[in-house]
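Two complexes come next, and they have one chain in common, chain A, joined by chain B in the first and chain C in the second.
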Partner chain A sequence: MLIFVQRLGRLIFVFFVVTFVTFFLLDQAPGDPAERFAGLNATPEVIEGIRAELGLNGSLLERYLRWLGNAVRFDFGDSIVTRGFSSWDLIRESLPKTLELMVLAEIMAIGIAVPLALASARRPGSFIDKASSSTAFGLLALPAFVLGIYMSFIFGVKLGWFPTIVDNLPGLNDDPLDNLRQMFLPSLTLALNLVAVYLRLLRSDLIETLQEDYVMLAQARGLSERRIMWRHVLRPSSLNFTTAVGLNIAGLIGGAFIIEVLFAINGMGRLVIQSVILEDFNVVAAVVAILTVAYVMMNFLVDVLYSILDPRIRHATR
Partner chain B sequence: MLVSTRRRTLAILVSGALIAAACSGSDSADAPTTTDIPATATDAKPADTPDGEPAATEPDEPAPLEDGDQLTSEGEGNVDLASLKPVAGGEITFGLTNDGTGFDTTGAVAPGSIRVITALNDSLAGLDINADWQPNLAESIIGNDDSTSWIITMRPGLLFHDGEPVDGEAVRANLQAFRDSPIVGFALGAVDSISAINELSVQIDMNVPWAAFPHVLVGQPGWMVSPATIGTNETFTGTGPFMLESWTPGDGARVVRNPNYWRADEGLPYLDAINFKFLVDATVKRQAFEAGDVQGYIGPESEDIVDFLADDATDVWIGTAGANEYLWLLNTTAAPFDDLRVRQAMAHAIDKQFIIDTFRDGLTVPANGPLNPSDRWYTENNYPQFDPAAAQALVDEYEAEVGPIEFELSIEPNASVIEVAEVMMSFLADVGIDGTIKEIGQGQSALTAILDDFQAFSWFQFGSPDPDGDYVFFHSSGGFLNWSNLVSADIDAGLDAGRQNVDEATRKAGYAQFLQALGDEVPMIWVDHLNGVEAAVTLPELHGIGTPGTLPDGSASLPMTNGSFFAWSGVWIEQ
Partner chain C sequence: MPLVEPGPTGLKTETEAVAAIGHGNPGQKRRLGLTFWLSAGWIFTLVFLALFRDILPIRDPDELGIRTREVAKFESPGWNAFFGGDGQGRDMFARAVQGARPALILGLTVTIIGGILGSAVGVTSGYLRGKVDTVTTILIDIALAFPGLVLLISVRATFGNSMFVFIVLFSLTSIPGYARIVRGASFALSERDFVDAAEAMGATKRRIILRELAPNIALPVLSFAFIGFALVIVAEGGLAFIGLSLDQITWGKLIADGAGDIDKHAHVALLPATVMFLTILAFNLVGDSMRALYSPREVATQRRLRVGPMANTGGGDEVLYIDDLFTALHTPNGDVHAVDGVSLSLKAGEALGVVGESGSGKTMILRSIVGAFALADVTRTGTVEVAGVDMLRAEPADIKRTLGTQIGMVSQNPLTALNPVRLIEHQITEPMLVHTAMSKSEARARALELMQQVGIPAPERRLREYPHQLSGGMRQRVTIAIALANEPALLLADEPTTALDVTVQDQILRLLSELQRDRKMAMVLVTHDLAVVKGFTDRVAIVYGGEVIESGPTEQIFNNPRHRYTVALIQSMPNLDLPSHCELTTIEGTPPSLISPPRGCRFAARCPAAQDICNTTPPSADEASEHWFRCHFPAGDDAKGNA
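Right after this comes the complex of A and B.
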């Protein structure tokens, strides 16, 4: 229990540090949003009033604490560029798409990597092992933006199986088929880079586990190979794999940004890029805050998963 | 201190407007585009293209512009002309390069928003096939003898999308709000007062004669929205053929047919709906088009244009008037560009054709000033041409007298533009001019220029169909918008003659004087008119994008493939 409290404390500390540094950096940027709002003929009093309205008055610390107080209520201020929308409006529109992209990519990556790793580990040096290893290295060498263009060209332009852009994406509840059809190529593109990492990692751990005495015992007792692999080998071999999955979920945020541009997905990546270019700092601060929370939460969950997968860790923390 | 603060405030505000006002020309991502707010653009029908849009769909087949050097369309050659009657119905997805930031008609409107607004809006004035203004939403626009007072009279019975009447008071409210806007009001700087004089008419009094005034009503000042929504950013309640159904910042907008459109008796608009999709990346746009996910898009790369021109299954529409120019601004109040010899030497040193052949696939046209050779106001001038020996002589003379020539070029962080600038730098280095590149922040061009915080500046702008649209950027009265800070009696006199006179010959003489002075004084280093860079590509089944539409009186309107007056009402798709 103590360890969870400690990790939670660490999470909150990281959140404060990252958001404060972001706030500080944005504060150093040139330009005064209040003056932009106020207009050419505005008096200094009017500008001051707008500054107060936007929460831009006071010292940096005061403004940060005020922003923090509002942020915990999901009030991140209005978008300065797309007036009429709050930062949270824009995030609420974008976040589900990025999350769906990341989740689908992870599911695809795990769905491809685990069976391939099991097959490779079972017969090291076999054709399937060599073929999957070669393909994995090839995929690893291809950056997502190159892979995405190829995928889009082959499956979208040439074969016409999937759309090359995500447009008017329906909700998963509203039209799951159209949703998944539109999200298939971007998710697969993001997943394929992960497959290579997961496959190599899991394969080597599986081979190591297969050398353990208890596996030989299981074989001697006549358990089926499938049962041994899935029930007795995969789980103890999954610790590094789980670490990688956890870290990659956070890392996926970066990859998702590229994929969102390639497939015209209106996700968090596109939002933050656009906001930085247009100096829509309220939105930038809000996105950074949300991503920070997501990142540290993800690492927290991975820590929890460790102890579930490996009882030794759980016991060690008692 | 106060002066400094206010100047900075002014700079920030106006820069926002100017940056956004890539409105006429460019959806290209190169965008420190600072085109005049009211600008529109045109796409000329090719004099040498046999297979334009068929007469069957265009009852008043107009004469093409005198535009022999511009390829403007291709494709549609194998289509049975008789079958090409406009068909009502259907919806399309159309790719835009730039994101929209909102629809506030009194603010800086981003290029992506402007493309959407062209479907939601009918401007007070339109442009006919000769790029002359004509009444559009307004029934008449009539000036007094010396063009110091204008009366705009609206058509009876017009309604906004929300059912409110488009009457004299609504027009007054819109124009007044625009005039009062600290961000865009400079475009109506010559307007003294605006008053509704009866139910349908508005009188606009000027502080100087302004014969070309109706031209600005083609663009943003002429956009009319329901008075209750003036200043609203998240929606556009206009009078156009389509109504805004949804807009998702960063993603796109969907517009649907206006069932109460004032030209519905002409069968307009044809389409049921248009999905505008913002596609930033050039490769993504092209692949989406080739996969059929979008039926057309704006702003293809020049190498894509070359490919599409060779492809009969694609129509390419390339505008001329309305195309921006690429140039370098020179700050003529600061060394070394306060010396004419240095400016002339730079112009002599740079091989424009090399840049066009190398970076634009030969699609653009060398520039000697802001007016395109295909423009009817264009006249030749004595702008210094590529002549390294002449450049070297001028440099030697200056250096013997003053010393080495060194300067900084301010430029936004755009790799393709920097690439061109570096090549230009190498030309200058060949004659002993030492330039370095200074990257400024994205979107900071106009702000930096307004603050005069530059020696030379990599720049995209101009291209107004009527040269009066570029008045403030050259005239000494333009103040901080007179980019190069050059005060030239000839430039002022020429621009004033063009602004204040109705007679075409007098106007042309004025603009000739203006162009000549630009060539003699060299306040800018001109590179090219970006005709080919600002184009649209469409599927052959999609019609009406690059071909003339019709004005309310039945005459042909200018097809404005790259302008703010994109005639979406006449666009239709084969079913």
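Right after this comes the complex of A and C.
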């Protein structure tokens, strides 16, 4: 348990550092939001009033702490650009789409990578191994936006199977079929980059495990190959893999942003990019905070999963 | 940084770099393959075009075709314009070449600055360790945890989009990646002998870092640098794609501009995208080829179990019948003849000791019986029968059933013989559940019973524990319990006590022997220690260079050893009956190569009694007799061991 507390402590520390640094950087930006909010003909008094109203007065640390205090109650201030909307309103609108994209991508990636890695590792050097390894290597050289262009060209333009643009996305509950059809290409694009990383990692760990004594003994006990691969080999081989899933969450967020732009999904990525261009910094800070919390939580979940997978960690005293 | 993090090697880069330093094999010559040279050629071409764009006959990338009438709007790729034209008739080839400039400038400067700073941080942290290392590791962790794109976006919003800002920003974000790899490598290196030696000779820390560590870290860093170079191009492209990059033509921008026309004029986006893909691929391939230069080679062989012709079949009541068994492992260095014409047989209740040095092939005899060779490519010829089932040629299902119900196996190291992530209970009950009709609760009851029989206290509690919660001796008892689960007729024990504390060794041997006698099992006890077989076996086979060189009843082997190797083995045993000043003899030299075994007697090179014939003619033996040996000049009664 102590190890969880330590990990959680470190992750919370990450949250504070990330949000503070973002807050600090946004503060350095040229231009005064209060002035812009007030409009061209505002008197200094009016601007001062707006500044207080927007919470822009006081020292940096003061403002950060005030912001943090409000953030805990999901109050991230108003969007300065889209008047009448709070930052949280905008996020609540876009968050589910980004989340869906990331979850679908992660499911696809694991669903493709694990069986492929198992098939490759049990016969290293076989056709399936060579083919999947070279494909993975190629995929690693394809950034999300390049891969996305290829995918929409092949599956959207040439074959016409999936739309190249996500348009009027229905909720997953309202029309799951249309939703998934529209989200298929974006999620697969995001997933394929992960597949490459996961496949390579898992394959080499599986090969290592396959040479362990306990696997040899399992073979000597007359167990079937399928049983050996899934019950005896996969779990001890999936520790590095689990870490990689955790580490890649941050990368997944970045990748999701690019995919959102490419496929015109109104998610957090497009929201934050627009907000940066329009200098709507309340929204930017809010998105960073939400993403960091999501990142911290997902990493914590990975840690928990890790210790479920490896009893040695569960029982570690440290 | 997320943008710079998920590198082609993923998380493995660090571990691989470390592993490489651990096991690097300088003797093996490695060469850079064709893909390396193709990739290098592509990078060279790119650099050449970017450098000499102004001198070469390449159009102005911003010249509008609408004005010059040289390139049509959305012109298709062809001789006039290799990559066609964009929506304003601009030459896409010229634009792609122009886009190579920022990619290369950014990639090069960031790789150099980030690489040097990151390596400096990594080597200091990995070598000095202690507090410096703890702090650095935490900082690296945090840096890698940042939602990088968001950070890049906010910095970009604040400081603008000049090349200088990008170089500083990307350099800073690439430091943690380099630092992590170099830290791992220095950490491993600083434990190596040559660093210890330098320290012992009073070299300063600075000198050790520069003279001892840096040269060894250079290659891993350089190979990562190529991959890092590609990551910079990817990161810039990503920013450009979302409209936040440099104030000039870049590949990402070209792709983003063309993306809207993908349905009608796909070439505008596809061609720059392909240039970018090939460039990233080329850098990755160069980095990967360099990594292959220092990394241990992967298992390249394919797992295959091949079976050659059969020898004789057993007569009847043997539990184990091996006749003229040859086992060859096909490796990149040649075929290893691990078992070379071995014949053995065992009846119920009999215990056979198989004794030999490490590398003599004794373990491979056991592996050949059960057919478990990890990922090796193996051919077995001859006959192996267990309880009448041909273990080489029977139906796979029959072989599996025989393995599960007739054979129990105990391996050398109890620390590695149990699956670390599975409960003891599941490991014991599994063979019962798979091979018999037992229910879960029956199997559990039987597991409890077995745990008691092998002498594990508090078996109820132990069943619900994991291997790491047990001591070595207890774990070996568990592996014995698993081996006994389905009441096998044959027990195979591969050095069952070697990895255990001396105090536990005897307990385990007694346990095995008792179980074997009580249950009338046939047992093969493989060991390098003659003393172990003395009290616990009926017969002994001495193995050398993949062959059985002497075989007979245990008593006779000890009292009247005939083969010179057996004699030497017995003389090297500590003996409490002898006066304490008596010296133990050792056997000079090393066992023969199993890839190209000697033509004559395998022991000739180390034999004190060897004559010319020993080097040319293999000695024959009458394997039908009770006590036989392969020796031209056997030790007579006069040369009996001092046992």
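For the reader, a short list of remarks on this structure follows.
Please note the rule applied: the second predicted complex is superposed on the first by the 314 of 318 C-alpha atoms of A that agree within 3 Å, B and C clash if a C-alpha of one lies under 4 Å from a C-alpha of the other, contacts with A are read in each partner's own complex, and residues count from 1 in each chain.
Everything below uses one rule, namely that a contact is a pair of C-beta atoms (placed from the backbone, for glycine too) under 8 Å apart; a residue touches a chain by one contact, two chains touch by 3 or more.
Worth saying up front: this structure is predicted, and the values here are computed from it rather than measured.
When both complexes are superposed on chain A, chain B and chain C occupy overlapping space and clash. Looking at the shared chain after the overlay, A:Arg221 reaches chain C, while chain B stays out of its contact range.
Contact with both chain B and chain C is seen for A:Thr164 once the two complexes are overlaid on the shared chain. Contacts of A:Val261 after superposition: both chain B and chain C are touched. When both complexes are overlaid on chain A, the residue A:Ile277 reaches chain B and chain C alike. Applying the stated contact rule after C-alpha superposition, one finds that A:Asp178 touches neither chain B nor chain C. In the superposed model, C is the one of chain B and chain C that contacts more residues of chain A.
Residue contacts after overlaying the shared chain place A:Arg83 against chain B, while chain C stays out of touching range. Contacts of A:Phe153 after superposition on the shared chain: both chain B and chain C are touched. Touch criterion met: A:Ser94 reaches chain B, while chain C stays clear of it. Only one of the stretches 6-14, 276-284 or 312-320 in chain B has C-alpha atoms clashing with chain C after the fit on chain A, and that stretch is 276-284.
Within chain A, the residues touching chain B in one complex and chain C in the other are 30, 149, 152-153, 156-157, 164, 261-262, 277, 279. Listing the residues of chain B that touch chain A in their complex gives 8-10, 12-14, 16, 93, 99, 101-102, 104, 107, 181-183, 185, 232-235, 248-252, 254, 275, 277-281, 283-284, 287-288, 290-294, 441-443.
Considering their complex, residues 1-3, 5-12, 15, 138, 141-142, 144-151, 153-159, 230, 234, 237-238, 241-244, 252, 255-256, 259, 262-263, 266, 269-270, 273, 276-278, 280-281, 284-285, 288, 298-303, 367, 370-375, 399-405, 407, 409, 411-413, 416-422, 430-431, 434-435, 466, 468-469, 479, 482, 492 of chain C touch chain A.
By the touch rule above, chain A contacts chain B in their complex via residues 30-32, 35-36, 38-42, 47, 79, 81-85, 90, 93-94, 149, 152-153, 156-157, 160, 163-165, 167-168, 261-264, 266, 270-271, 274, 277-279. Residue ranges on chain A touching chain C, taken from their complex, read 10, 13-14, 17-18, 21-22, 25-26, 28-30, 122-126, 137-138, 140-146, 149-150, 152-153, 156-157, 164, 193-194, 196-198, 200-201, 204, 207, 210-224, 227, 231-232, 235-236, 240, 243-244, 247-248, 250-255, 257-258, 261-262, 269, 272-273, 276-277, 279, 284, 287-288, 291-292, 295, 299, 309-312, 315.
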